[in-house]
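Mind having a look at this structure? Questions to follow.
All chains are identified by letter, namely A, B, C and D, in their written order; residue positions are counted from 1 within each chain.
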Amino acid sequence: MTTLAFLLTESLNALSQAALLFFLGVGLTLIFGLMRIVNFAHGALYMLGAFVGYSLAKGSGNFWVALVGAPLLVGMFGAGFELTVLRRLYRRDAHAFLMVTFGLALVVGEAVRLIWGPDALQVAPPSALAGVVFLLDEPFPVYRLFLVATGIVVAVAIWQFLERSKLGLLIRATSQNADMASALGVDVKRIRSSVFGIGCALAALGGVLAAPLVTASNGMAATVIIDAFVIVIIGGMGSFLGSLIGALLVGFVQVFGNYYLPDLALAFMYLVMLAVLVVRPGGLLGKET
Amino acid sequence: MSKKVGPSRRAMLSVGLAGAATVASPGILRLTAKAENAPIKIGMPLALTGALGSVGQQLKRGAELYAKLQNAKGGILGRPIELLIEDTAGNPANCVRKAQEMVERQNCRLFTGITLSSEALAVVPKLAEWDAVFMSSDNGDGRLTAESFVPNFFRANISGPMGTRAVSLYLRSGKAQKFYALGLDYAWGHNSVQVFEDEVKKSKKDFLGKVFAPTGTKDYSSYITKIRQSGADAVFLVLQGDDNNAFLSQSQQYRLSEKVRLLTEIVDLASIRAVGDAALGLIGSSRYSFTYDYPLNNEFVALWKKEHDGAVPDTFEGEQWQAMKVLEAGITKAGGIEAAKLRPALEDIEIESVKGKVHIRKCDHQGVQQGFMVEVVKQEGIATPIPKVIATFPGESTTPKCNSMTFDD
Amino acid sequence: MRAVTRPILIVVMLALLLAPLGLPPFAMTLLTEALILGLFAMSLDLMVGYTRLISFGHAAAYGMGAYACGWMLLHTGMPLLFAVFAAALLTGVIAIAVGWMCTLATGISFSMLTLAFAQLLYAISFKWTSVTGGSDGLAGIPRTSGPLGFAALSGKSGFYYFVLACLVGGFLVCFALVRSPFGAVLRGIRENEAKTTALGYNTRLYKIAVVATSYALGGLAGALYAPFAGFANTELLFWLLSGQALIMVIVGGAGTLVGPILGAAFFMLMEHQLSSLTEAWALYFGLIFIAFVLFAPQGIWGLATAWLRRDAKAS
Amino acid sequence: MALLELEGVTRRFGALVALDQVAMAVEEGEVRAVIGPNGAGKTTLFNVITGTVKPSAGTIRFAGESIGGQPSHHVCRLGLSRTFQITALFPEMSARENARLAAQARHARRWQPFGGAGVFRQAAALADAALEQLGLTSIGDTPAGLLSHGDQRLLEVAMAMAQQPRVLLLDEPTQGLSVEETAQAVDTLARFLQASRMTVLLVEHDMEVVFRLAHRITVLHRGAVIADSTPDAVKADPAVQDAYLGGFA
């Protein structure tokens, strides 16, 4: 393998991981930006996405159905949870959200185990994406290129949504100041439900897309929630661009770090986070808290 | 690291404790009085949920079928078997607490099925105090019969080093010359990779390098790149659960097996089901395979299918079944379950099991048994690939020296 | 209020003192573990309830205490009494550095820095095999009895009394602390940190001090756990335990000291009993937390005091 | 010598010059107001004096000691106490506890981690005195968060006073109050200032309030001092009228 081929394939690997991390992080950061909620159930919803995706793919025989359907269903579930439970808590302190989302994580995790069983389940990529392409004579999985492309598409879509659409504008206004927004006649309640739903849908999208790489398994929630936190914190809580940068930074450091210093694999993310926070306590693009 | 404990001193201590406990505790006196038909309680603090919940569930099913059939035959020594099954979620703190509850509240003195090595290592030092015997059915950590050995511990299953040894014996006659190894970054991974490295070097082949990934790794691309760059003919994998599934799925997407032969320390059905065709061509040792053609095994598989709507028994279902059989033989021979009687009865016992002869050797309580090599292949009429037995090795050649994890030749 | 709770606390104290005489062995085992976890949760309450320093990494304190104590008991032959306190002290000293770093940030960033430290320790516990035993952890940790007639501590009831004494001692320390001038400043930081600084308090020093105290007491709990369970392993440093500790504090009632002790006992006993009844225990466990948030926002201690108050009014 | 003296104090935020060579001397017992249009640098001036923002250049002397660039908790302990433009209180504590915590900050054993009855007693005495000075004794046990807006503003002043400061810095004490509330608060403040002979540095938007309370006025415009005189002289100054007062006088 030439050095150039090595750098190219590893960079693409890093980008594909960054895409998966981004789906997790951006949902979390949107929710935080708007509602100041640290959603501990984010990992569980990611897992739910993978399992719902499994069933949809199996039932329809079509991965694309899963790719669209799972985020939709999980997003609706999230919006429903906001409507029924979270809505009652906005006047309460952070403790309430912490515990209620922790509770939700346990409930979703166990429900997945009860419905789909304890064994890991296979979600194969669609046949169009199952092959390899040769990049500088080295085989590279098409599926990973697809992840990179999806990451770019979703990032651009969210960015345009926030910048251009009316709801996006309202979300940005409400993130700045909820009282002012409601004084302007904005229906804050509806925005909160939508954003919580969108955040959960993005987590589920991450889950469906990760499933062909790691299978749908009961253990997948435990580790990703921390990854998502780290990315969001590195980028700055509530910052869309920050979550993108955080995901890229962690993706590259992890992939190259695993290669050059595998002994530190467990520590890279935290070292990056420590370094960033010591220099900029609010995260790279965050406001000082 | 933990010191080596001479069995004799601990043994004497536990006998002494047993005596003292019998005198001191009215509960035990009451129980011994009606021990004739009191149930035999077997404690199983299992990881039924959590990342290794799949393994815990297998152990549970294996034990439950055994207990059901054996109780239908009148139990052991005319006493019914009562399984005390509890979930630990794979957390050693829960495991120790649940086990302690079984001892203190239910007066349970037999354990099996403790799922994770970390759980087993936490429980094992307490066995003497509890005066309890622990028959391992899935713990692979070589240390349990080496540095961490205690007299009340027995292992009916194939250990990590034994699995690795089977792989290396198989390779001696193979064409592959250059090897690389990838293990999980914890005790089991390190031990097994070490055994493998020694074996490769002993057989005068090239060991090109090794790398360890932490449990919970989701992206194996960097490790796959390392394997590809090493130029090895074959890579030895010591992976488990989600990590194993992730690696196999991703290496298939990289077409890794077209270039490098994949060898693994442990092949099990749950993993094959999870990754499907990505497991095809995988060669590895198996702790138990339903495909092993042997009268007792065929009988067991038939029983299992009848009970479970035609499903075949998985690795740890078979292992747990065998562990129960060993325990049964020991209890029958000892005429009771008291550790002081059961321990000598189990030492040097030999039974016919689903995997052939199993002999619990006296020196470190390891069950000496055949090693199996399987290859994952497609079979007509079955959707998921199956592990086919391609070689067996006698127990004498796959079991390490007493109280160690290494091999002489 | 105080007039109502004080006699109750005295009765509970007496019951705890007499427990070994009447309780069966396993109830004693559970009670001892509940008290250890209670001490751990109470130590976190100093940060969460009294200073609004929400730590996502308190497992670091527990794990450090457990490993340090376990290592000393296994390798130095130091008696139990000294090893436990030395481990707590060591945890507190290391926490000064941790506190210094983490208090560079505030709010959620503070929480994440504590998490980062805990996870780095978790990674270290895997790698520093010669001291921590790697993934196997330290097993077979003895309760080495000491000189000066402290042999009784290694027995079942003796150890229970030792744990009880540590919990009561820890409680008195916390109780005095939160009612002292120092504690008044902590309340100030909790309610409005910028204002507290403007009044002329060097709030960062107070925060570092409270982190160190909290970790030292959390370390004490961990140091008791190691000889109690006989092992120390990486799970004790994992973030899941940090999350659980936070839940114990909130479910019990943050900022009450007694509440988190009850919360810890509730959490542990609930998990233990539920998981015996059903494999789907996590489902019910999660629903209980959600119900608590919705219907008992003040936590267990809030429920208990409200009930006592009503009782007192009725009589 | 003046109690608080500023010389050539400059503060830049990037290209923006928020304070430009500000010089000013506040005598003991004087009530000095700083006025100026929005963005003139009034709040930055407060922040520079109290140490929340470091000056880019210049010296600040308090009772002869240079305090420029010292951390705010240190500056505060020397005897400069401030209030904030946006009410900053401890909402769950009673008014008395708010003032007591403020007084405690001046106590040598403010950090004592046990007991502390003596510390509390002494601080409470100062707190009660300060509440009395501002006419808040009757609401001493009410949680600060539940007080009326006017009382909250006065409580802030009481908290500053409980610290027995040598200079009191008031940042828009009537900010956010209604007309009636303002009138009441200004009455109370005027009575209190007269009785206490406190040295005060005051930033205020409401010109009526300024002319009622201040002995002397400094006018800031784009970070620079454009006038520094008695209220009447400032009212008459055409430069000030141009820059700021408009048609007020």
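By definition in this document, a contact is a pair of C-beta atoms (placed from the backbone, for glycine too) under 8 Å apart; a residue touches a chain by one contact, two chains touch by 3 or more.
Because the structure is predicted, anything quoted here is derived from the model rather than measured.
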Taking each chain's C-alpha mean as its centre, the one farthest from chain A: D
Cα-centroid distance, chain B relative to chain D, in whole angstrom: 74
Distance from the mean Cα position of chain D to that of chain C, given in whole angstrom: 43
Chain centre separation in whole Å, for chain D relative to chain A (CA means): 48
Inter-chain centre distance, chain B versus chain C - centres from mean C-alpha coordinates, in Å: 36
Residue numbers of chain A (touch at least two other chains): 110, 113, 222, 263, 266
Residues of chain C engaged with two or more neighbouring chains: 126, 281-282
Which pairs of chains touch, using the document's own definition: A-B, A-C, B-C, C-D
Interface residues, chain C side, partner chain A - complex: 48, 54, 101, 104-109, 112-113, 115-117, 119-120, 122-123, 126-127, 239-240, 243, 246-247, 250-251, 254, 280-283, 285-290, 292-294, 297
Chain C to chain B touching residues, read off their complex: 24-26, 29-30, 33, 74, 126, 129-130, 133-137, 139-140, 229-231, 233-236, 271-272, 275-276, 279, 281-282
Of all residues in chain A, those that touch chain B in their complex: 1, 6, 9-10, 13, 16-17, 110, 113, 118-122, 124-125, 130, 132, 139-141, 143-144, 210, 212-215, 217-220, 222-224, 254-256, 258-259, 262-263, 265-266
Chain D residues touching chain C - in the complex, by the definition given at the top: 50, 52, 71-74, 76-77, 81-82, 84, 88-93, 97, 100-102, 104-107, 109-116, 119-120, 123, 159, 163
Residues of chain C defined as touching chain D within the complex: 176-177, 179-185, 187-188, 191-192, 194-203, 206, 209
